[in-house]
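Quick one: the structure is below, and I'll ask about it shortly.
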Amino acid sequence: MFRLDELVERLGGELVGDATVTVSRVDTLERAGADAISFLANPRYAGQLASTRAAAVIVGARARDATTLTRIVADDPYVYFARVSQLLNPAPRPPAGVAPSADLASVVPETSSVAAGVSIGGGVVLGENVVIGPGCHIDDRVRLGDDTVLHANVTIYADCELGERCIVHSGAVIGADGFGFARERDGSWVKIPQVGRVIVGNDVEIGANTTIDRGTLADTVIGDDVKLDNQIQIAHNVTIGAHTAIAGCVGIAGSTTIGRRCMIGGQAGIIGHLEIVDDVVVSAGTLVTKSIREAGVYTASLPLQSHGDWVRNFAHLRHLDSLADRIRRLEQLLTERPDA
Amino acid sequence: MFRLDELVERLGGELVGDATVTVSRVDTLERAGADAISFLANPRYAGQLASTRAAAVIVGARARDATTLTRIVADDPYVYFARVSQLLNPAPRPPAGVAPSADLASVVPETSSVAAGVSIGGGVVLGENVVIGPGCHIDDRVRLGDDTVLHANVTIYADCELGERCIVHSGAVIGADGFGFARERDGSWVKIPQVGRVIVGNDVEIGANTTIDRGTLADTVIGDDVKLDNQIQIAHNVTIGAHTAIAGCVGIAGSTTIGRRCMIGGQAGIIGHLEIVDDVVVSAGTLVTKSIREAGVYTASLPLQSHGDWVRNFAHLRHLDSLADRIRRLEQLLTERPDA
Amino acid sequence: MFRLDELVERLGGELVGDATVTVSRVDTLERAGADAISFLANPRYAGQLASTRAAAVIVGARARDATTLTRIVADDPYVYFARVSQLLNPAPRPPAGVAPSADLASVVPETSSVAAGVSIGGGVVLGENVVIGPGCHIDDRVRLGDDTVLHANVTIYADCELGERCIVHSGAVIGADGFGFARERDGSWVKIPQVGRVIVGNDVEIGANTTIDRGTLADTVIGDDVKLDNQIQIAHNVTIGAHTAIAGCVGIAGSTTIGRRCMIGGQAGIIGHLEIVDDVVVSAGTLVTKSIREAGVYTASLPLQSHGDWVRNFAHLRHLDSLADRIRRLEQLLTERPDA
């Protein structure tokens, strides 16, 4: 529970109204009760300021005088809301110490926490205040920076490194072999050893069941403050720049480089050996098949239709070339006969 | 092994032929041997009635007299077959009791079964006859209803709830943090705590490596009798209505609401903040980018082509607008010159 | 570390230059140092032969005289490179033996290795030199052939079989129930027991978090030397022919048969009950909605556009049928009026 003046003292902003109001939770304008602080980030919800039962609201400068509610005026109400929510909802941390059932071949700092059923290989270096959830496997020579948290059942293969303050969700697999084979003439495959690593920066979050493969010869590299949602597949030798955020179910094929501050929509796919510059936005469901040299928003997806409309319209997709030919021929006909 | 009259006594239907025939397995018309009961649900396979070696068959009213085989006439032969198969193939259940290597901070009912390497947090409430497979992690204050089964290596985060008779397959992760961040001006991300839960109804099946994220403020809600295949990603604050079935590899983005009795095809994607009414069918591979207000079948996918045809036809997709312009101009030319 | 003459003795090829040169690693032409052997497989990189610092290179017959570097001339430099890398980077194997925390209900051969936190059901048959990584669960009556390796946190359901020399990466789930339900008139679902198995051949590699469902009545079958990347979903009753390679995030729906030596690109989808012949290549992101009867390359994906271009061009996709109608009408107009 925080008093509003405590929040402003910690997080800045201008307090308008009763500084002694206390709040114990954050909530939406619609759902908030008398114990909650809410926020207005999207002008679309401005109408809800009139009806909200929130104890206080966080608003931007433009909405400063749009309400008589007790309020904090912040540069970016959404960021401010996130910070208030962090204060009110600190991530629970298990106590430091090693569960008796953990199987350790490396030293664990006293400040770190290792849960039941964990196995940790040899030569592993854990930072301070690291949390390893139940059932995780940390293979030989892995390094995890201070304050990094692995939720339950995470697997990290040998030699991979994660920076500080990373969060890895359950079922994520970091450092499995990249998909590399040479093909014999008879079609059989010869495995190419994947001897690179996965190197993850600081402040990276990795979603549940996301997989990041180790490099073939060089490393797969995930920059600082990259945010990866669930069920993302990142192939060997990929590089992702700092602050890039990738939504769920995205697949990135081998040796592709993605810039800084990119945002990749859900279920997008990016084929291998491409370069994508900084500040690119790829829409959901879009397959990227060539390098992107300029910042901007890129899209390739189909409009949804009723099945009947789809059948009627999309049959023509098989014949676009002949449709184009017919237009060309009509144009010629009309040009050749200027009197027509 | 069941006698046919036993089956009819339990499951209904009309028995035509020798009631003392016994069957010990179900199989297709083509594969069935003399110990098996088969079924005809799809008229396409009616020809196989003549050649099947099955001891008996399940047929609908229309096929009642299409064969002289011993048969059970049922309203819905496929549903009847499913029920016979359930009788003949009861799901194996491990004995009740807790494996010595399990790590428990909560009480487990005597009728429930907890396998090796499981860890269960504090304040967890398990129903009767619950089965927790090897290596599962059940975090603090989770609730699981009677007869719910978790296969090996399932993870359930704190405070989530599953109803009765649910089945969760291996690698599923329920309740990981939703993908929620506020963006600072410099592009860096501030994590928004995900304080909602995942609430799953009764009779829900959740496939292998499927992920369901907890809500940001409110809960993510999965209705009764929802069936989820493998590798589905369900983001924070999604609501799915009862009896909806979703095939493998589907991604559903945040805050979307899906109605009752919907069927979503494999690899479909549904973007965030949409509403989809009851009884909607979405075809495989379709990206849903707007709300669907009417029941029906919806599709958006491309016709498969040989690579050469694809190159020839799809180059035009970049220029559809200019093709349309050229058609418009031709129409004008012909209209402006009525003598043309 | 190998001398070049040792490599040639083991792997064949023609050695040109100093046979006593030793190499301890493989690397790209660009990255290689004086301890490395590199290779030229793609003529695009031929220019790097001049600048590489590699101790030796592997080249094809055509590039035999394109360099004065010490070199091995091989039929297929890429396959040769893969074999050299295998010699220089043998996969690390944990020592044989069973970790004290493993929970075994079956006998493990003395040559095999079972790590911490593993649970193995009854009637399981393991071959020689099998490696079971930490946290794996092997259910009743599973069979694993000689030299097969399961990385950490793999789950194999009852009765499934893997051949020899398979590699299964972390988080893979083999043998979960296929997605099979019969629908009652009121929309509720009746589960169809999945009583088939998953049968995996020899030399198969299965990627991280890939899922392969057991068959409904018959088995799901993965042929010899099939290579599966991460996060692939293979539904019940699918059959995949030998030497087929499938990239990440592919989904294959139930009862589909894929031939031998096929290559399926990343994020492709294949709907159910199809047949795909041998030697078919499916491009990344392509949805296969009908059987493929002829070998070749097949594609269906959209060209990437800037978002503005996409909006302008793709609005027409909803109206392709009327565009086609308008072309037809223009053609009729011009034909009906031959003097036009």
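We just call them A, B and C in the order they show up, numbering each chain from 1.
By definition in this document, contacts are C-beta pairs under 8 Å (C-beta built on N, C-alpha and C of every residue); 3 or more make two chains touch, one makes a residue touch a chain.
Chain labels with UniProt names: A, B, C = UDP-3-O-acylglucosamine N-acyltransferase.
Just so you know, these numbers come straight off a predicted model, no measurement behind them.
Over half of the interface residue numbers used by both chain A and chain C, so same, or under half, so different?
On the two sides of the chain C and chain A interface, the residue numbers are mostly different, under half being shared.
I'd like the angle of the rotation relating chain A and chain B after CA superposition, in degrees, nearest 5.
Rotation angle, to the nearest 5: 120 degrees.
Using CA atom averages as chain centres, what separation in Å is found between chain A and chain C?
Inter-chain centre distance comes to 25 Å.
Among the residues of chain A, which ones contact at least 2 other chains?
101, 117, 135, 153, 171, 209, 231, 249, 267, 301-303, 305, 314-315, 317, 323, 327, 330, 334, 340
Name, in rising order, each residue of chain A that touches chain B in their complex.
Per the touch definition, chain A meets chain B at residues 25-28, 31, 76, 78-79, 81-83, 85-86, 88-89, 91-92, 99, 101, 115-117, 133-135, 151-153, 167, 169-171, 203, 205, 207-209, 225, 227, 229-231, 242-243, 245, 247-249, 260-261, 265-267, 284-285, 301-307, 310-311, 314-315, 317-321, 323-324, 327, 330-331, 334, 340.
Mind pulling up the chain A residues that touch chain C in the complex?
So the residues of chain A in touch with chain C come to 101, 103, 117, 119, 135, 137, 139-140, 153, 155, 157-158, 171, 173, 176-177, 179, 181-185, 187-193, 195, 209, 211, 213, 217-218, 231, 233, 235, 249, 251, 253, 267, 269, 271, 281, 283, 286-290, 292, 296-303, 305, 309, 312-317, 323, 326-327, 330, 333-334, 337, 340.
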